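Input: structures, listed below.
What follows is chain A paired twice: with chain B in the first complex and chain C in the second.
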Partner chain A sequence: MTKFYHDDPAWADIEPIPQDDTGHPLVAIAYTAEYSEAMGYLRAVMARNEHSERVLALTEHVIGINPAHYTVWLYRARTLEHLSIPPSDELRWLNPIALSHLKNYQIWNHRQAIVDRRDSCEGEADFIAQMLDQDAKNYHVWSYRQWMVERFGLWRDVGEVAFAEEMIGRDVRNNSAWNHRFFVLFGGRKKGQAGEGEEEGKEEEEKEKEKELVQREIEYAKQAIRQAPQSQSAWDYLRAVLRHAHLPISTIAGFANEYNDVSPPRSLHALEAQLEIYAEQNKVDEARSTLEALAEFDPVRKPYWTYRQKELVVA
Partner chain B sequence: MAAAPEVGTILHFPRHVKYWRRNLKTHLPTYYTENDTNRMMLAFFTLSAEEILGDLDAALSPEERQGYIDWIYHCQLPEGGFRSSPATDLGTARDDKNAVWDPPELSGTFGALLSLAILGDDLQRVKRKGILRWLSAMQRPDGSFGQILEDYGRPPEGGYDPRFCYMAAGIRWILRSNVEGPVEGVPDIDVDKLVQCIRERETYNGGIAAAPFREAHAGYTSCAISALSLVDRLPLQSSQPPDTRLRGLTKPHLTLRWLVSRQTLTLDNDDAIDTHGEEASLSATYCSGSPPSDSAIPELPWVGINGRCCKIADTCYSYYVCTSLHILGHLDLVNAKPIRRWLLDRTQHLVLGGFGKTPGDYPDILHAYLGLFTLALFGEPGLRPVWAPLSISQRVKEHIESLPWRKQVASYA
Partner chain C sequence: MAAKSDDEVARTRLEELRLDSNRIQELSDEELYTSDSNADYEDLGPAIPSEADNIVYVNRMMPIFDDLQTETSRAQQQTLDKILPYLEGNPSNFPLNSFGIPKLQREKHVKFLIQGLGDKPAAYTTLDAARPWQVYWCLAGLTVLGHDISDYQQKIIDTLTDVQHPEGGYGGGFGHLPHLAPTYAAILSLAMAGSSAAYESINRRTLWHYLGRMKQADGGFTMAVGGEEDIRGAFCVLVALSLLNLPLDLPPDAPARAQGMTTFLDKLDEWISRCQTYEGGISASPGCEAHGAYTFCGLGCLAIMGPPRETMNKYLDMPALIRWLSYRQGAPEGGYAGRTNKLVDGCYSHWIGGCWPLVEAAVDKNLWNRSALGRYILSAAQDEKGGLRDKPGMRPDAYHTCYNLAGLSAAQHNYKFDEKMTGDVGKGSFGAPFHWKGDGLFEGDKVWDEEDVVEEVHPVFVIPFEAAMACREYFEAKDGF
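Presenting the complex of A and B:
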């Protein structure tokens, strides 16, 4: 529904400021009359520093047409503060807007500020899940979820791990979900959390628990790879867990070999793991023949494998 | 090698010229309204595309050229820095109390400086010291940069991710070359912190993310690598003498591997569905790689580039991945010919000119520019040589370096 202001008595006191785009404007846009007018009124109320209910409605109008407008969000945020609008009211307003502008960054920035002010993440996980139902790999939505984990200290939270697991279960190649799993389990643990300032015995116990966790995650990644041997995401995760735990790549030698003992191999990533194992063990000839196999079976990355062969000679 | 598929694979030069002249000379369609506050970057893409096509001089009368320069300067704010668009201009009503709603903005300032340089301006009317002071104030204690500054003394708003590090590094390079420390009484940004900010965003698989521990993404990776290049903090080559400066890319080999792994045969959504089904049944059309069923593998017809692990190809990522590799000195590690064919056969628009995001899409300014730039990076005949770190032509880079005031500043190094 289009909305104009010039014939609205509630706005009769405002003289709009038209856009000054004279001379030789670059990349001028064919605005609608509605947008041009709304922007004229927006500039006029901004010039007066007016923070009122009608201003909220006007910012909503402009955001609906141009959600990437960078000062309109700030202006709205300051108006909310001025009017002491409770954060929960603003979230209720924001939900449908977020759903219709999934790829917009400003919306998430705004939501973050409001949830931060509310000091509670109640309902956020469900809302995010709903967004991811529409776009399971949306970068902004996952980023926002990770901000929530950081802000509210949800490290190794059972719900977060289960959520990552569910998303990976739906699509084993959802790299965002794999990344989230790594982040929640091994990522952002800050000082003052696990381990610090605790007595000796507890520290040992921590170490044992950590070992178990690493084992569990290695098995988890292997299980996913069995479903989809070519899933780069699962392989990257497996390597990351090994590196995080300072375990050698040869830890998975037997597993990689399950995929490599046929020709052509059933997984290029297993073959690459094999290459790393040989490199770790300084088996140059074996590494070279593995690189030759990679160049043959992975034509998309052939120039890269050829380069690695040359590097091998140099090293 | 260069067999049948090459024949129809050409850059339809006149159509691209037509596409970019239309962007330059007529109103953009209404759907660009959601980019209204991003006009300075759209202007930069348009001018730079015309420059790379070698059509800018023919397209502009001297009066138009001067008119555009004046329009850009009209977006400069009294305190220094540029707004991104006349959309926030409060005109004669602007005063100290309401200037916060009409602030200089990072991408506006970056796009304005580059656009002025492309138009051949000498940047003498740019309030350089004001911009550099503002740039320092826009940097946060964690090294990241904001998008706008509400007030000196208050933390900057927005930004955070490596795109903003990149634009800040670009503005700094244009205005003060690569001189570290104060120049003419104006403080430098904290370069070590910028480097630290990027290092913290390196991910477990070698890419770079928007924030620490977020998912690796080719756009952020490219911005980070370009930024490090502009402040001269990439890892030293083995031939260079070691120094003590903090450098970015803590695991360059992993980053290279991640970049080359962005090449994909998953070129559109139909492929994505196919791949998914086949992979589940283990007959494997590879997520990155082709079926190993046939030992006599023919030359790859098309190779696309994705932005994240296990996503479909998209024109803009050809730019982000290829500029990154180019800057790292390893553009030869990707399949230049099949990538070129993918751009020209699949995402180039044969009627309108320009490039779309994925096969069958209409062109848009961002993808059309980045597709063109990628071809220029590979040395496409007919296009001007380009300089990857600022995604401009080599000629424009040399113009900036030749400006007398900048030579003066650079001599402080």
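Presenting the complex of A and C:
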């Protein structure tokens, strides 16, 4: 439904500020009369720094026409704060908009500000899951989920790990889900922080727990690789877990070999792991022939494998 | 067809290929022997590689597929089905170059970008907060194509002056709040416009104050007051500081001063390091997923903070980064995908392709497959009616046109960083980007002729070299704001 302000008595006190272009600008858009007028009133209320209920309605109107309009979102956020609107009210309003504009940056930043102010992430995980049902790799949505984990300290949270697991279960190639799993399990413990200030006995216990976790994650990655050995996501996760735990790549020598006993190999990532195992063991000749095989079976990356060859000689 | 596994499809294709190449061999032998004289052949000039050669190439590039079907593999298969006809044949009926690849459709793309700068119907209202972006993409694309943009000088100045905010920075449109994305696009566009009028139209004093308000206590930058903090913010700020020769110190009114920060660079190096993920690429902010566009922004920051060899090796795990970048090149497509297990998309021709000149200046040359990227851009990304696109089946737009062309340029040219930082321009803070030089054309394995070659692009600013140099030189010579 079209909405105008010039004949609305509630807006009679406002003199709109129309778009004032110098000459005929580049990329001039033939706005509809409705959008032009709404923007004129928005500029006017912004100029007088008005934050009121009617401004809230105006921002809703403009967002409805152009949800990519960051100015309106930012001004709406300030208005909400001025009016002390309960965050839950705003979230209720926001949800359907988010669901119909999946790729929009502004919505997520807006949501983050509101949930931050609410100081509770209740219901957020479910809402995010609903969004990811429609677009399982949406960058903004996953980033928002990572913000939530950090903001509300959900490190190693059972629900978060289960969620990543569910998403990986649906599509073992969903790299965003793997990234989230890594973030939740290992992202919160920066070097030097682990175990700090803890009692001695507890420290040992922690170490044991950590070892178990690493073992579990290695096995988890392996079973995922068995489903799709050519998918990089689980391989990179596996390598990262090894690195995190300061384990050598040869830890997975037997596993990698399961995929390398035929030619062409069933997984080039296994072949790459094999290359690194040889390099680790200083078996230069074997490493070199593995690199040749990689260049043969993965010709698009031939320059890269050649560079690895050079690095090998240097090392 | 649906019952066939990817593996079977690949195998069938290989068999077809073997049959094809046998047939070609027979045909050409036959022709050779029945021909009266070899002179006929010489008159035709060098043999143009045919569709069969492209099919041979594509099949050689075909990866090993897993049997398991998931949403990702289905999307990949559908994408391949759309792209393969363009890599193997020439559905757009473009004239072919001497490599049997569509020639660069220069005139058509110029026309498309000129239209991009023109009037838009109401349906473009969603672009209203991004008009400076549209200006930048069109101008940058035109300059990569070698098209003279000097006629636009006054219009660029007028258009962007209208969206400059009185409190500093640029907004998406008249009366919009300032934001780093349009600020970045506006400054680069004004640098391309070049002239003291364009440079002086920028209020550098208010801009410096505005940029200062973006600095955060953890070292990063937000995109706007109350906006999201991500690595684009850092890159946009550093580009502005560097091109316009602004002070390294935070302005006195910068809120981050309350947290003990004194310069724009405080804790930024550390923050960028934290954006490198376990995969090796760089993410929007610490903990997020490695992504091509954010990786370019991260490398761009480091290339502004000092000589790439110094900064990148110091703050990034370079072998991990190079590995991640390499894996983003799709096979057999040749184009780049922005993330692991995602689809190729023409804009990553720049976001990933454009990382290579920066990385090569820090590590070593010849790290990537330029010819495969050129193939994707020329064969699959050019639209019949002009403009370049994400992939076949998608509509071209100014964004994908600009970044496909910038990627093509990265593939075609070599660049050199002068480690000694000699030269008259680029003294003082953020001066490193002014020590790059073109280093001739890439002469290795390639799929383009001379007439398909586009202009050099500044590896950090993605505008012409002269435009970047002249802008910095102007402000180095100027006293105060």
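We take it that the second predicted complex is superposed on the first by the 303 of 315 C-alpha atoms of A that agree within 3 Å, B and C clash if a C-alpha of one lies under 4 Å from a C-alpha of the other, contacts with A are read in each partner's own complex, and residues count from 1 in each chain.
One rule holds for everything that comes next: a contact is a pair of C-beta atoms (placed from the backbone, for glycine too) under 8 Å apart; a residue touches a chain by one contact, two chains touch by 3 or more.
From a predicted model like this one, the values you see are computed outputs, not experimental measurements.
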{"item": "Side-by-side fit of chain B and chain C on chain A, or clash", "value": "clash"}
{"item": "Partner chain(s) touched by A:Ile65 [first = chain B, second = chain C, both, neither]", "value": "both"}
{"item": "Contacts of A:Gln232 with chain B and chain C, given as first, second, both or neither", "value": "both"}
{"item": "Touched partner set for A:Glu258, first chain B, second chain C, both or neither", "value": "neither"}
{"item": "Contacts of A:Ala136 with chain B and chain C, given as first, second, both or neither", "value": "second"}
{"item": "First, second, both or neither for A:Arg170, with chain B first and chain C second", "value": "second"}
{"item": "Touched partner set for A:Glu286, first chain B, second chain C, both or neither", "value": "neither"}
{"item": "Touched partner set for A:Asn49, first chain B, second chain C, both or neither", "value": "first"}
{"item": "Common interface positions of chain A, toward chain B and toward chain C", "value": "17, 19-21, 23-32, 35, 39, 43, 46, 65-71, 74-75, 109, 137, 139, 142-143, 146, 171, 173-176, 179, 182-183, 187, 227-233, 236-237, 239-240, 243-244, 264-268, 297-304, 307"}
{"item": "Residues of chain A defined as touching chain C within the complex", "value": "17, 19-32, 35, 39, 42-43, 46, 65-71, 74-75, 77-78, 105, 108-109, 112-113, 136-137, 139, 142-143, 146, 149-150, 170-176, 179, 182-183, 186-187, 227-233, 236-237, 239-240, 243-244, 264-268, 297-304, 306-307, 310-311"}
{"item": "Residues of chain C touching chain A in the complex", "value": "60-61, 63-66, 68, 70-73, 116-122, 124-131, 134-135, 152, 155-156, 158-159, 161-162, 171-177, 179, 224-228, 277-279, 284-285, 287-291, 319, 322-323, 326-327, 329-332, 334, 339-342, 364, 366-369, 372"}
{"item": "Interface residues, chain B side, partner chain A - complex", "value": "23-24, 27-30, 32-39, 42-43, 46-47, 64, 67-68, 70-72, 74, 84, 86-91, 93-94, 97-98, 100-103, 105, 115, 147-148, 150, 157-158, 203-205, 210-217, 256-257, 260-261, 263-265, 276, 279-280, 282, 284, 286-290, 292-293, 295, 297, 300, 303, 308-311, 330, 332-335, 365"}
{"item": "Chain A - residues contacting chain B, complex", "value": "17, 19-21, 23-32, 35, 39, 43-44, 46-49, 65-71, 74-75, 106, 109, 137, 139, 142-143, 146-147, 171, 173-176, 179, 182-183, 187-188, 227-233, 236-237, 239-240, 243-244, 264-268, 296-304, 307"}
